[in-house]
Structure formats: C-alpha cells, structure tokens
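Heads up: the structure comes next, in structure tokens.
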Amino acid sequence: MTALEVDLAGIKLRNPTLLASGVMGETGDSLLRVAVAGAGGLVTKSIGLEPRKGYPNPTLVELPDGYINAMGLPGPGIEAFAEEMEIATKSGVPVIGSLFAAIPEDFASLAIKMESYGAAAIELNLSCPHAKGYGMEVGIDPDAVHAIVSSVKDAVRVPVMAKLTPNTHRLLDVARAVEAAGGDAIVAINTVKAMAISVEARRPILHNTTGGLSGPAIKPIGLRCVYELHEAVKLPIVGVGGIESSRDVLEYMMAGATAVQVGSAVGRRGLKVFREICDGLAEHMAANGLNRLSEIVGAAHVH
Amino acid sequence: MFIEARITERIRSGRGITTLLFDRPMEAKAGQIVMVWIPGVDEIPMALSHISGVASITVKEVGQATKALSALNVGDLVGLRGPYGNSWDLTPRRILAVGGGVGMSPIMTAVEAVNDRSRVDVAIGARDAGEIIFEERARKASDDVRVSTDDGSYGIKGTVVSLADAMMREKRYDMVLGCGPEIMNKYLLKACNENKVPCQLSLERIMKCGTGLCGSCVIDGLRVCVEGPIFTGEQISRMTEFGKCKRDDAGLKVKI
Amino acid sequence: MTALEVDLAGIKLRNPTLLASGVMGETGDSLLRVAVAGAGGLVTKSIGLEPRKGYPNPTLVELPDGYINAMGLPGPGIEAFAEEMEIATKSGVPVIGSLFAAIPEDFASLAIKMESYGAAAIELNLSCPHAKGYGMEVGIDPDAVHAIVSSVKDAVRVPVMAKLTPNTHRLLDVARAVEAAGGDAIVAINTVKAMAISVEARRPILHNTTGGLSGPAIKPIGLRCVYELHEAVKLPIVGVGGIESSRDVLEYMMAGATAVQVGSAVGRRGLKVFREICDGLAEHMAANGLNRLSEIVGAAHVH
Amino acid sequence: MFIEARITERIRSGRGITTLLFDRPMEAKAGQIVMVWIPGVDEIPMALSHISGVASITVKEVGQATKALSALNVGDLVGLRGPYGNSWDLTPRRILAVGGGVGMSPIMTAVEAVNDRSRVDVAIGARDAGEIIFEERARKASDDVRVSTDDGSYGIKGTVVSLADAMMREKRYDMVLGCGPEIMNKYLLKACNENKVPCQLSLERIMKCGTGLCGSCVIDGLRVCVEGPIFTGEQISRMTEFGKCKRDDAGLKVKI
C-alpha cells in the first residue's frame, strides 16, 4: 500500500482524489486525460436513460470564488455511453458511473447497464439542484431515497454511493435512509442552489434562472455536511465542494471523508490540480509521520 | 470573469459579417476567445477580433444567436466572459497567416500582434467578394497580402488553401497560422505537411462553459476552450475526430 | 420623496440599506454610529428573554470571501435592552427590534417590550443556524412559524417581519406560512450552516464546531432565495447576504427585494459601506432615468 | 485572515509574563493586535510585541487562557487572526512612551518604530521589579529610559504615572503614548491634560470577532478592534464609559 492509497467501500484508489461528476466526464477520452493527470478515480457525468441536450446557454456563470452552473444534465444517454466507458475503463483507475433518473426502476436499469460497462461503482445523483424532476427533487425525501438505493443495491454487485444535496435541513435523515437501504457510501455535497442577475440586462444570467453554486464559496458548507454525516452514519463519506489544495483535502478528511472529489478546481486551477494535491498530501504525511491517510479520517472530531 | 459591456461601434465588415466594438478593453492575447451573452437569446463563443485598445468580435450570421448579435445596435448590452483558451505562438520568424471567411478574425489579431510587416504574410479567402474581410487592416500590418475567392469574384480564383499552398511553394515560411471552416483547416494541414511547414490551426466545437469544466468542446479529449482553440499540426494529426466528426449538444458523435 | 427613499411594509426608509441583525447592534451607541454612517434603518442584535453570554471564543472565522460565526446569541436580555433602545431610537432612523425565542408566547412578550421601547418594527429571528433550540430549529417548520407570527401579530401593532433560513428545502412553504399568519415582510437570508477546520490543530476552529457563513460567498444563495420568494409570496422582501456594493443592492432589488440589509460588509468594507452604496444607487438612478427605486423591484422576473 | 503558527521561541520576560515568538512574520504596524487561538482553550486578543522580522506576543497570566498560552512550548501551535485595529501615530517630534506592566508590549513596538533614540523617551512601570519588562529593549531604542515600581523594589518608587508626570514637567514632549490598566490610563490622561501634552492611549475591552462586527468591544459605540485599540486623549475625554464601566460577555454594563 503506497502512502496515498485509500480504500473506499472496497474500491482501491491510488490516491483519494476522484474527478467529480459533471466535469470532463461526458466522453471517454476526456476521462482518460484526467486519469493521466493523476486522479485516483473518475466519476462520469450523470447519465440518464435518453440523450439530453441540457439547457440552452448561458449554462455557467463565473464568480470570483466559484461558478454557478445549470447545464441541465446534458448527456448521450446510457446506450451511447457504452462506447465512452469502453475508453474510460482503459485508464487503469476505477471509473464510477454517475446516474440520474426519477424513479427506482429507472435507476436500477441504468445501474445494471453501467455495471456491465465496467463501472467500479455506481454514484446516484440525488442532488442536482436545477433539473426538473431529478436530482434534489427526489434527494430531499428519505423514503424516496431509501427506495432508490434499495432497488439499485438489488440490481448490481458493485458498491452503490448516494450523492446528497446540502439544500435541505434533512441531510442526515436522508443519509440514514441510504445507510438503512444498504448503500455503501455517501457523497457530499452537490452544488448549492443559487443564481446570478445582470443589473444592466435586468434579468437572470442563466437560461434556467437558477443553478448550482460550486467552488471555494461552498467549501465551508461541504465541510460542515461531511462533519455532521460522519457523526450520523457509519458509511464511508466522499467529500466534495470547493477542494483546490491538499489542505482542503486534509480538512475534508479530518471532518470525516475517506476520499474526495474535485470539480470546479479543474477549471480554476487546471488539470494539474490532482498532482499538486497529491504532492501536498505526501508532504504532509512525511512531515507528520503518517503511514496511511486513513489515520486522519475523522481526526477533527475531538469531543 | 463575467462583465457587462455595451457596443460602442458597429461595423459592417462583409456580407452578413459584423464587427462589434465594446466599451471596455480586455486583457487578451491574439487568438483568444470570449463567451458572448446576448440577453434573452443565447451565449456563444467568439474569437476576439481586436485586442489592443478596444475589444471587438466579428460575427458571421449563421443562425439565431449570430443573427441576434449582428442586429444589436450601438449602446446595446452584451455579457462577456473570458478571455478563454490559448493564443497563437508568434515566435517563429517567417509566418503565413491564412484566414477563411470570418476565420480572419483571430488571424487578424495575430498579424497585428507580430507587429513587423516583413515577418508575416497573409492569405485571405472566402466564397466570394462579399465575404472577404479585413483586407485593409491586413495591408496595414503586412507587406504581402493576397486574396482569393472560390468564385473568382475578387482576387485570385480558387480556395484559400490553394493560395496558401502557392505561397508556401514560392516563399520559405517557418509557421502557418490558419482559421476557417474545418474542411479548410483539414486541407490546409495537408498542404502544410506537403510543404513541410509546421502549422497552428484554430478549431471550433460546441462550447458551453468555456472554462474547461463541462467537456462539451472536446476533440479527442482535448478541450477547445482550454487546450485550444489553437492546436499545432502535430496535435491535430494525432486526432481521430478532426475533420470527421464532432459532438452535438448531448455529447453524441455526429459526422462533419 | 427623495430618490433613495423606500417604503417597507409602511415604514419609511430614507434609503434601502438597513444594518443587519447581530452587527454592531448590541448597544445603543454603536447603533447610533451606524445611523450617522448613513444606514436607512437599524436592526438590533437578536434579543432574548434573559442575558446570554453567547459561546466562548473562537466565535468567528475570517475567510477570503466571508465569515463563519457562532456567536451563540449573546445579549443583555430584553429588560436591560431598554436602555440601549432609548439611545438607538434617538438616531432618527427606524430601529427594528430583532428577537429570538423558542415558543410563540415568549416571542409575543418580547415583542410587546420591544414595541414599548420604540421599535419601528419587529424582526423575528427564525433562522440562526447555530443556537440550540432557537433560530432555524423553529424556522424550518411552517406550522411553528405560523404560530409564532400569529401570536406576535396579535401582540403588537408595528409591522412584523420574519427572517428566514436558507438551510432548508422548505423556504417557500415557511414564507407562505408567514404570509398566512399575517406577517408583514420576509427577511432573507440568515447565514448558511458551515464550518472551518484547522489542519494543524486537527479540530474545528469555532468553539461551537459549526456556525453560519456570511459575506460574498453566500450572495448567489441569497439572491436565489429572494428571487424565489418574490414569486411565492406577495409580502415585501428584505434581501440580505453578501451585500457590499450598490450593484449587489440592485441585483437583490431586481430579484425582488424592497430593501436590503448589510452585515459582513461592515467588517470587510467598514462603516463607509452604507454611504458608498447609497452614492452608487443614486448614480445608477440618474444614469438610468429612474425616479424611484421601487421601479426596479422584481425587474429581473422576465418570463 | 486566519493562519496557523508555531512557537519558535519562548522567553520569560517577567514574573508571569511570557513572550512567544512565531514561525511566521506578520505585516503589522506598531500598536496593532491579533486574536490568538489556543486550540481547545479559548481565543483572546493580544497586542503584537514584535512586528519587524518575526511576530511575537507578550502574555501576562491572569486567567485560564493566558495561563494556557503561557504554558505552550516551542513547536506548539496557535491560530492567529489579524492584525486588527489602528496603530500609534508616531509623527509628533518628541514622544514620551509610558508602559504599565504588560502594557509595555505595544509601547515597545512604538518605541522601536520611531527608530530615533533621541526622539522617544520611555517610562516603564509595574507593581514590583518582577513585572518590569523590556527595559533592555527600551534602552537600545531610546536615550532616556526610566523605571518605577509601586513598591520601590526597582527604579523609582511610585506609579508610572507619577514618573511620566515628572518627565513631562522636566522635558517638553509633543505626544505621550500610554498602555496599561484602565486606572493607569485614566490618571495618565489626567496628567497629560495638566501638562497640556496630547496623548494616545491603548484601551481594552472584551473582544470576540476582532473585525468590527459583533460590537462586544465598544466603548461609547467606538470599537476597540477597529477605531481602537488606540484612542486620542480628546476621544477618550468625550467617553462616558472610560474609567467607569465596561461591557461583559452579554453586553451588560459592569463597573470597573
């Protein structure tokens, strides 16, 4: 076991940095490039049953400390995605298939396909804040989440991770539902519902009016969610939200994350961010005499 | 960063081709692009056609967004994000710059950035005389500017690639810069290879985020908005999708 | 009516910038200073029945784009606050009394006292994300909110405003409950639940572990809430969250805010922020030929 | 901004008074303060006692937090926020700097910042010899350093205010700087008024946020963390609370 290796719900990762869903995750070739850049694992764009164009532009607003996006879950659909997975799985690092759907049955049939394409795990997007009928519209209801996780667990053998939304006061109830339904890990957080307005144009900038806030602006929110989740459930947690440096990763791991995902930083810092984070983690481990990263998971819980 | 800009000048550059100047400058390098928001309509990628002093774009009407953009008046508002992407490498000594139609827009900023009339020659091509743009601007910045039209209505009759090919046979160049429809880029690359002149070509794909996140603009995994829009001949030669297929809004491959 | 004047639920404000609750609002003298600095109105620190020390330090973390605070609602209690209100009400601008309590009866008796001290309105803090038993613990439940607003409305004659939390997916249900109970305005948003961790110390920085994120980081979240509230209720809305410039105020007003509150910017920009905002607003009005600010309220709703 | 710093040196400056040097410098001006986090214990305000090169604080043990801080060892961690607050105005020509006990900490940075031995005199006072600090440092930076103790165990017997008063009668000063317990500040202000010398005094109140938000540190509506910690004699003369009362953690007035 090399120093940075972590075990996430039975999946071996060479390092704890996964590519977050929705970022460079729509095509096999771009996923490959992220693996070459050093990511420990790859999460695909959230894939649905049918091809979807997503929302018309503008789909993204750039802010000093993050982005607001309302892509609208564009994607080629599960059938066409076979080809992309064939390429992505050549990367040698685990590819986690992210899925969106409205009902348990659709999640299950998507998951079966994803597993057959060679996905190392399934990530259920129960948290997109801007796609009507999908994402957080189902992910705020513990019962609905329980039904989805159960049916996907029945359908596949690979680990099933549920990606949760911070846009609710019921985060911990939802996480407990994932645990009760046999889910293997929690991913937190998806973006925070937000918007931007152009004063001169006197209108919202995003075509969809509202979207999801990501990047450094939401790191304190993601950290809080991971910290609270670590006390509420026993499942491993994947921390996401505003991670741009090894220090951010250490904060998330000390809050309780076993691994992390990096999204916006790919745009803000470039693909080199994976390698920079890993170098920083290795340095921190050496400086602090750590043998494995797992030693610090949850270390900030000091009651 | 997102900024709100107003149009200060609107120039008819050619038939269906409009140059819009903005009320604020942009720190950009030749060849870089911006995402242009037309409120209530769309947001589309555009090369900057002026970078020093004022910023401008030059728009060819092809569909709803470009038509709406071209119809804007002085004083009207657009949103701008960027500049995004890489820029032309202008260090090679003798440069041939080749622009097809509105592809002259990022080519022109390169020619002006060289800032040495004797180091850069220009080949301008279009289907017909109406779509030839920036000839005057080019003549101010280069000693050797030649023009071709497919139908012979102006300049030499023929494609701009044949014109560029002839110029490469006639003179020694250390680098070719090219921007135009993908089919033009494809043949220009071939001509450069035959003449053993390295090249840089500016490519286009569907752009949504502009910042390297969404992946909609990839060619063989390379993002036009980050690793591009300008790619070297070697990079392009290794691409499986160039000249053959592109991705649609859903990320599905479609034939070019 | 001067150009910047606005009418908020019957309260005349010389300009739309109110001091947000919890900032320089614990003593009469400091409230006075904010009025002199140019605020259109003053909201007091949230006051409870008894004196409270608040949490031990650290109670605040400074971030590049905001703060996380967990003050723990310190305050002298409603009896001792009489003296501070006597001073604050000399300012000549409306003083809005912010209150926290756990049950409707306590809110009502606090409100009666506040009104007797000369408060121009009552603001109910139904949204503090870090005080056990108070704030958002009651403010996420539409029924509880209905009961509180009703009982306060029965108790006082001044306008009653409810300050809501973004830490729930039920924001609009809660706002509708305020409206149904006869509330006079909605204030949105309070801080977003968040935390910060020290990697070197391996522990949360705030004594209370979690706190509330404020400042520019949350502006896109606040804007979204105000925008959605404007479509959900007819009540006037007071926009709060990350406001630092006249442009921010214009965005909030176009989203649907009748007035705004400024909190973190008092620390980040200084007290001069009120005057700078007002100068910027006046300039915008002149440049755009606006006679009253009310013309732009909700202007970004362009379906 | 919040930073994590480690202690590189720990100096016993006096009885129950410890100077802690940190592994990172701070861009600060003389008289400014920091919020010092002692993980697991508390976060408390401290004046910086060194600002050029390394940063340091000098802590007097009075209760739980200051005791825990004083007990930290080299290599131990603290969190630092700041610097906050205003700084001494050192433009007046002839300055008398007056420090009582650990109040010498921000006084010492002022004396060193003047950087002209002949322009600044120093009066150091404490209850007894054990609490006299920074005498050596002061002698390196000033031509005229005098010491007093209340019990006469070292230097002149008497309060530092009597000492300062004597110095003001003896020499002409354009400004007095003072820092010490509020009762000392009160009498120092009186002495300055009698001698018609303007003064600046560094004051203390309960600090929580340090950034001008919470209002816990106000004296008559002025925030010690923003408008202070240093106030002019004129400002202080207008205060109703100075020397009389302060606010507790709940914001309630208590007598001093």
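When the chains are written out, they are named A, B, C and D in that same order, and each has its own residue count from 1.
As a convention for this text, a contact is a pair of C-beta atoms (placed from the backbone, for glycine too) under 8 Å apart; a residue touches a chain by one contact, two chains touch by 3 or more.
It should be emphasised that the depicted structure is a prediction, and the values quoted were computed from it without experimental measurement.
Contact with chain A and chain C alike is made by no chain in this entry. In this assembly, B is the chain whose CA centroid lies farthest from the centroid of chain C.
A straight line joining the Cα centres of chain C and chain D is 36 Å long. Our note on geometry: chain B versus chain D, Cα centroid distance of 64 Å, whole angstroms.
Centre-to-centre spacing of chain B and chain C amounts to 50 Å, using the average Cα coordinate of each chain. Touching two or more other chains at once are residues 40 of chain D. Multi-chain contact residues of chain A (touching two or more other chains) are listed as 63-64, 196, 199, 203, 302. Judged by the touch criterion defined above, the protein chains link up one after another in an open path, with no loop closing it.
By the definition of touch given earlier, these chain pairs are in contact: A-B, A-C, C-D.
In the complex of the two chains, the chain A residues touching chain B come out as 22-33, 45, 51-54, 56-64, 67, 69, 71, 74-77, 80, 196, 198-201, 203, 205, 263-264, 266-268, 270. If you check the complex, the residues on chain B that touch chain A are 1-2, 4, 6, 35, 37, 39-40, 42-44, 77, 79, 81, 208-216, 218, 220-223, 226, 247-252. The touching residues of chain A, counted against chain C in their complex, run 63-65, 68, 136, 140, 167-170, 192-197, 199, 202-204, 209-210, 213, 216-218, 220-221, 223-224, 227-228, 247, 250-251, 254-255, 284, 296, 299-300, 302.
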